[in-house]
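Sharing a structure with you now.
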Amino acid sequence: MLANRANDRDDRAMRDVKLTRGIMKNANGSCLAEFGDTRVLCTATIEDRAPAWRKGSGKGWLTAEYAMLPAAGNKRTRRETNGRNGRSMEIERLIGRSLRNVCDLNAMGGEVTMTIDCDVLQADGGTRTAAITGAWVAAYDAFEMWKTAGRIKTNPLFGQVAAISVGLVEGRLMLDLDYEEDSNAEIDMNVVMNAKGEIVEIQGTGEQVSFSRDRLNEFLDVAEEGIKVLLAAQKDVLGIE
Amino acid sequence: MLANRANDRDDRAMRDVKLTRGIMKNANGSCLAEFGDTRVLCTATIEDRAPAWRKGSGKGWLTAEYAMLPAAGNKRTRRETNGRNGRSMEIERLIGRSLRNVCDLNAMGGEVTMTIDCDVLQADGGTRTAAITGAWVAAYDAFEMWKTAGRIKTNPLFGQVAAISVGLVEGRLMLDLDYEEDSNAEIDMNVVMNAKGEIVEIQGTGEQVSFSRDRLNEFLDVAEEGIKVLLAAQKDVLGIE
Amino acid sequence: MLANRANDRDDRAMRDVKLTRGIMKNANGSCLAEFGDTRVLCTATIEDRAPAWRKGSGKGWLTAEYAMLPAAGNKRTRRETNGRNGRSMEIERLIGRSLRNVCDLNAMGGEVTMTIDCDVLQADGGTRTAAITGAWVAAYDAFEMWKTAGRIKTNPLFGQVAAISVGLVEGRLMLDLDYEEDSNAEIDMNVVMNAKGEIVEIQGTGEQVSFSRDRLNEFLDVAEEGIKVLLAAQKDVLGIE
Amino acid sequence: MLANRANDRDDRAMRDVKLTRGIMKNANGSCLAEFGDTRVLCTATIEDRAPAWRKGSGKGWLTAEYAMLPAAGNKRTRRETNGRNGRSMEIERLIGRSLRNVCDLNAMGGEVTMTIDCDVLQADGGTRTAAITGAWVAAYDAFEMWKTAGRIKTNPLFGQVAAISVGLVEGRLMLDLDYEEDSNAEIDMNVVMNAKGEIVEIQGTGEQVSFSRDRLNEFLDVAEEGIKVLLAAQKDVLGIE
Amino acid sequence: MLANRANDRDDRAMRDVKLTRGIMKNANGSCLAEFGDTRVLCTATIEDRAPAWRKGSGKGWLTAEYAMLPAAGNKRTRRETNGRNGRSMEIERLIGRSLRNVCDLNAMGGEVTMTIDCDVLQADGGTRTAAITGAWVAAYDAFEMWKTAGRIKTNPLFGQVAAISVGLVEGRLMLDLDYEEDSNAEIDMNVVMNAKGEIVEIQGTGEQVSFSRDRLNEFLDVAEEGIKVLLAAQKDVLGIE
Amino acid sequence: MLANRANDRDDRAMRDVKLTRGIMKNANGSCLAEFGDTRVLCTATIEDRAPAWRKGSGKGWLTAEYAMLPAAGNKRTRRETNGRNGRSMEIERLIGRSLRNVCDLNAMGGEVTMTIDCDVLQADGGTRTAAITGAWVAAYDAFEMWKTAGRIKTNPLFGQVAAISVGLVEGRLMLDLDYEEDSNAEIDMNVVMNAKGEIVEIQGTGEQVSFSRDRLNEFLDVAEEGIKVLLAAQKDVLGIE
């Protein structure tokens, strides 16, 4: 029984969130996103090439890659050197879609590709939500660099995006689940939202449990509070309004 | 502009749904699920082996595989013989979770594995929703065969599950999108529900568009109507109440 | 002991043969070939690209791919997602050679590639012979579509081709072996013939048994009868003379 | 035009055949098979393990692997380090079947596996026929070693097997085609025979040409003469009757 | 021309070296090794399993894995998800050998495996030497944890090991090359040494330049000074004598 | 105990060295290098293509591939058909670097690639040193052919290169270790040298043993003697001064 959450956290409270910019010397943009003990290193690289199916379109592309270091979790996992695993591919597709949602691909300065690498240094639940939240900061900075380089005039990110998890754990509605909570959750939901408080992506799953419309709306109320914290942290670290 | 949907379908109407049972000679259970021109062949096989991490648990496991024939869509696609693609893995994971949601893994007759193969013969939008809907029928039949074989006393499926897509296409809320509609959708949502009308899984994505809570609830209203049609079709083909 | 063949079939009789054209909405040509319970879905796709080694030749290319659905046979088999298996590659090479034998690669309308996908929906022996027989129909139809599209003036298939198996099972010479017969065959032979009754490809194998020249000629007598049935079925479904 | 064959060889004559035994220090049995400039190194290794599906059968297994050195042919080819190519798999399956045809798998001294590696050092046509012919010598020697080691009493090879190619080149029926002839052949046939002059395996292919029953029988007449030469060479190098 | 080294470093001086212990929550032992801007995260995990070839030996095994994050260097590199690259495999083999050189595999508490993951977060030359130096600290800590867990009585590391690079750059003998120096080096040498000042592994390569015995000895003199700094840093961070 | 080396060889003596040129019909250059029972077939092929990263440079490239036949050693090894093994990649990288050390890549006649395939027919220790020594001869001959073809005026190899192993085996310093010696060596070193007696590459490893600077210099003294023998053999087989 999870009488108390770690650090006596309130059920609807976030863990400590810390976004650190510019921690990589070489990447165009980078951000270390920490949600409690979860640490994801996000780096954004812009390259002067486009995927084959993009040729001649004049548009840019934005994609993401996600991986966990073998020792990130509480049990060593294998590197994906011999084929990808489904979970990683699912997550990196989610990150890519979320960022493209707020990026004007026509305004990236031509047929260029931004790749956002999200590498989980330490995993304690919520790696995909930390990845999306940090990826936005890394992408923002990389596009600013692109502006400085004279390749674009305006940052093609026309809005903010951040993500948080909510879940039902032993009957309690909780925000921002850590690994132990997540492992015991009856319902697990990830919500990606923008600054208008609108939904960009929602993924909710019951583990042998289903949920009503009312429950769904409760989840979203709670998620919305978490998203506000994250959007503020993003602006704060970038020093923007 | 999509003035009219194909076959003058109403925005909130399903395509013709056809579930055909027992079409495979060898599989333990099988169902051809057709949603309009989308055709997915679902077969369920029970094998006397469990995944390594299941050893000693006494529990069964249920998993799914999803693939498209190369000529299923409107452009030939490559076979996944040299590594998997992310979309297929994402879909097969969704099918597996949805079916496990209504299956008592402790009641499968020991450490056995049911594999549900969902092979898309023809793709015209909604292949994952047809797959989940047909997979449930195939699984049901395979477990009935397992009962007949004396391996279990009761069918471990303790509920029904079906899935449908909804989306916003050129500003119109539509149910059960076909390929052309899906390609033009601003918002795309897949909903898996059970017979209680509760949500088992929800995945909604905006394509450069976000959506409000109200919109989400509208989507779910429409989805629910579609799910009812599918649950009835499942019962009908199996001849159960 | 195989006292009687299934359905009291005569040793030198074919199973019921059924060829169904145009069953795929998107493919340029398609044919479902059924030999008894064996069902192979053949689709032909023409693409405006040629293999690298064909560049500058002005010639087209025709190739085939063969795969079995996991639940096609009497035991679930693994998908070839992690490398190909030798049997499948051997069969798809045979299909490709057989079709190229009657196709004028100079008359395909330039450096285009026809890919014939042969997917075994259900396997009960003779999948490669059904595949070749159905592939010819699918290819014919795809080339007709190519004519309609104005890409060619004449169908580059200058002859018909069909295939059948013969074998020695418990000392009896049998035509068109089903799975059980094939598993017990001492000698197994696949013959590809054209409308002149000439051999296009012959592959005969003894399983710990060798065979004389006389035996070989007996096999071919029987095979020829089967081929005639198949060639007639092809013409019939296409409505050609 | 191929006015004369290389070295003024008669159309129905073999190239110089040379089988050299015991050229590998470590292998249980080995044979370098040379047909003119074609050189295939065949080594037979017996290991105390059986394939998984053989467990509990008490029977042995015999299998073959085939590969070409990159510089074996007249153009450098890639190593098969990233997936196998279809031709190699087809050939190694043929070698395995041919050898198993004359090997009593029940008499191999239990659940052991013989692997025959056929590595093409130099390729000038007929690599698969040289491989089969040399593989038999290597296997024979390895089983003799197995006898010496006290693992079996009798050599489980109950007969000889050898292979040769015949073809129709610019209308001329030729035996034992070299690379240039093979590249220009209208019909290409590989015949595996035993000491009774019976067929173990036959594979004949027309390249845009078909052939009659009479032609087939002519091919076999010629092949038989070649096989006799090879069977004699095998006995000669082993010093057996 | 490299008039001055970055930060006016003396040719025979190390960059700032920083070893940080215990930075991973879950790993048995961990160390972030920084040599200037080069940052390698080393984690050591002990698992209760041995490689297959170790079964029955009673001995443990120690192995290493090495990878670079895609954005670690000054140009994004691809992840090794589709086969390994040779450089990475060469480096991880070197790390493994170096650590095994000072580890008593008989004293690891049975057939267990220690895996040391060396993940390059940022690459600025000398990643392999930082990896070895940090790996030793991570391994030490993991074995201490193993002691605490009662699995062993003494730490099986019977000596220290550290590594440094030396090179000839534009004719100047330099210690601890950064990326730019390394890219311009005529001679590149990596030296692994122990606390006795003896060589554990030496790898020296001339880039279109060869070097004399005297030069080699000069290199080793310089390397030895660097190694002393590293050995002291290791002891310092561990608080051992 | 290794009282005597095989064939009563002196500790500082080479095995019989035999280099045979031109043994491949098709390769541009070839050399069979034999060091005692170790036999490596080296072939050099020049192709009119450059790696992608070389485009526009006007320079050539030289690379090597290394593989062992499955039956080369005293235990059958698996082919590298499903991914490469680290040892092979390490060795082929060493061969490539060693040859590039004495090759003027600007003088290869443009953007061409020389690939040197080193295939180990029989392995008895020292395969990498035999490979390097033989590769140089094969490369030399291939470049001579390239001269004859009018593609270059001078052979771009501006010096000789050869390699030998030295080791400490049961306390004795030995030259050119065979497999048994190598398996028992406490220290194992491979030295690549040129005709000036200078070091091109040195790789020395202690197996749980470290070595002093003096020991290293002793090793190099002995290695140098071996290299002289090899350089003479290379000149001898090529008939050059």
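Note that the chains are named A, B, C, D, E and F in the order they appear, and that numbering of residues resets to 1 at the start of each chain.
The rule is simple: a contact is a pair of C-beta atoms (placed from the backbone, for glycine too) under 8 Å apart; a residue touches a chain by one contact, two chains touch by 3 or more.
This structure is a prediction, so every number in the text was calculated from the model and none was measured.
Trainee: Indicate the lowest number of steps between chain A and chain F, counting one step per move to a touching chain.
Mentor: Each step joins two touching chains, and the minimum needed here is 2.
Trainee: What shortest step count links chain B and chain C in the network of chain contacts?
Mentor: Counted as steps through touching chains, the separation is 1.
Trainee: Between A-B, C-D or D-F, which shows the same interface as B-C, counting it as a repeat when over half of the contact pairs match?
Mentor: Answer for B-C: the repeating interface is D-F.
Trainee: What angle, rounded to the nearest 5°, describes the rotation that places the Cα atoms of chain B on chain D?
Mentor: 120
Trainee: So how far apart, in whole Å, are chain E and chain F when each is placed at the average of its C-alpha atoms?
Mentor: Comparing mean C-alpha positions, chain F is 27 Å from chain E.
Trainee: Measure off the straight-line distance from the CA centroid of chain A to the CA centroid of chain E, and report it in whole Å.
Mentor: 33
Trainee: Using mean C-alpha positions as chain centres, tell me how far chain A is from chain D in Å, no decimals.
Mentor: From the centre of chain A to the centre of chain D is 59 Å.
Trainee: Note the residues in chain B that touch 2 or more other chains, in rising order.
Mentor: 82-84
Trainee: Ring order from chain C, via chain D next?
Mentor: C, D, F, E, A, B
Trainee: Can you list the chain A residues touching chain B in their complex?
Mentor: 83-84, 86-87, 89-90, 92-93, 97, 100-101, 193-194, 196, 198-213, 216-217, 220
Trainee: In their complex, what parts of chain D are in touch with chain F?
Mentor: Within the complex, chain D contacts chain F at residues 24-27, 30, 37, 41, 43, 45, 47, 65, 67, 69-76, 79-84, 115, 117, 119, 121-122, 124.
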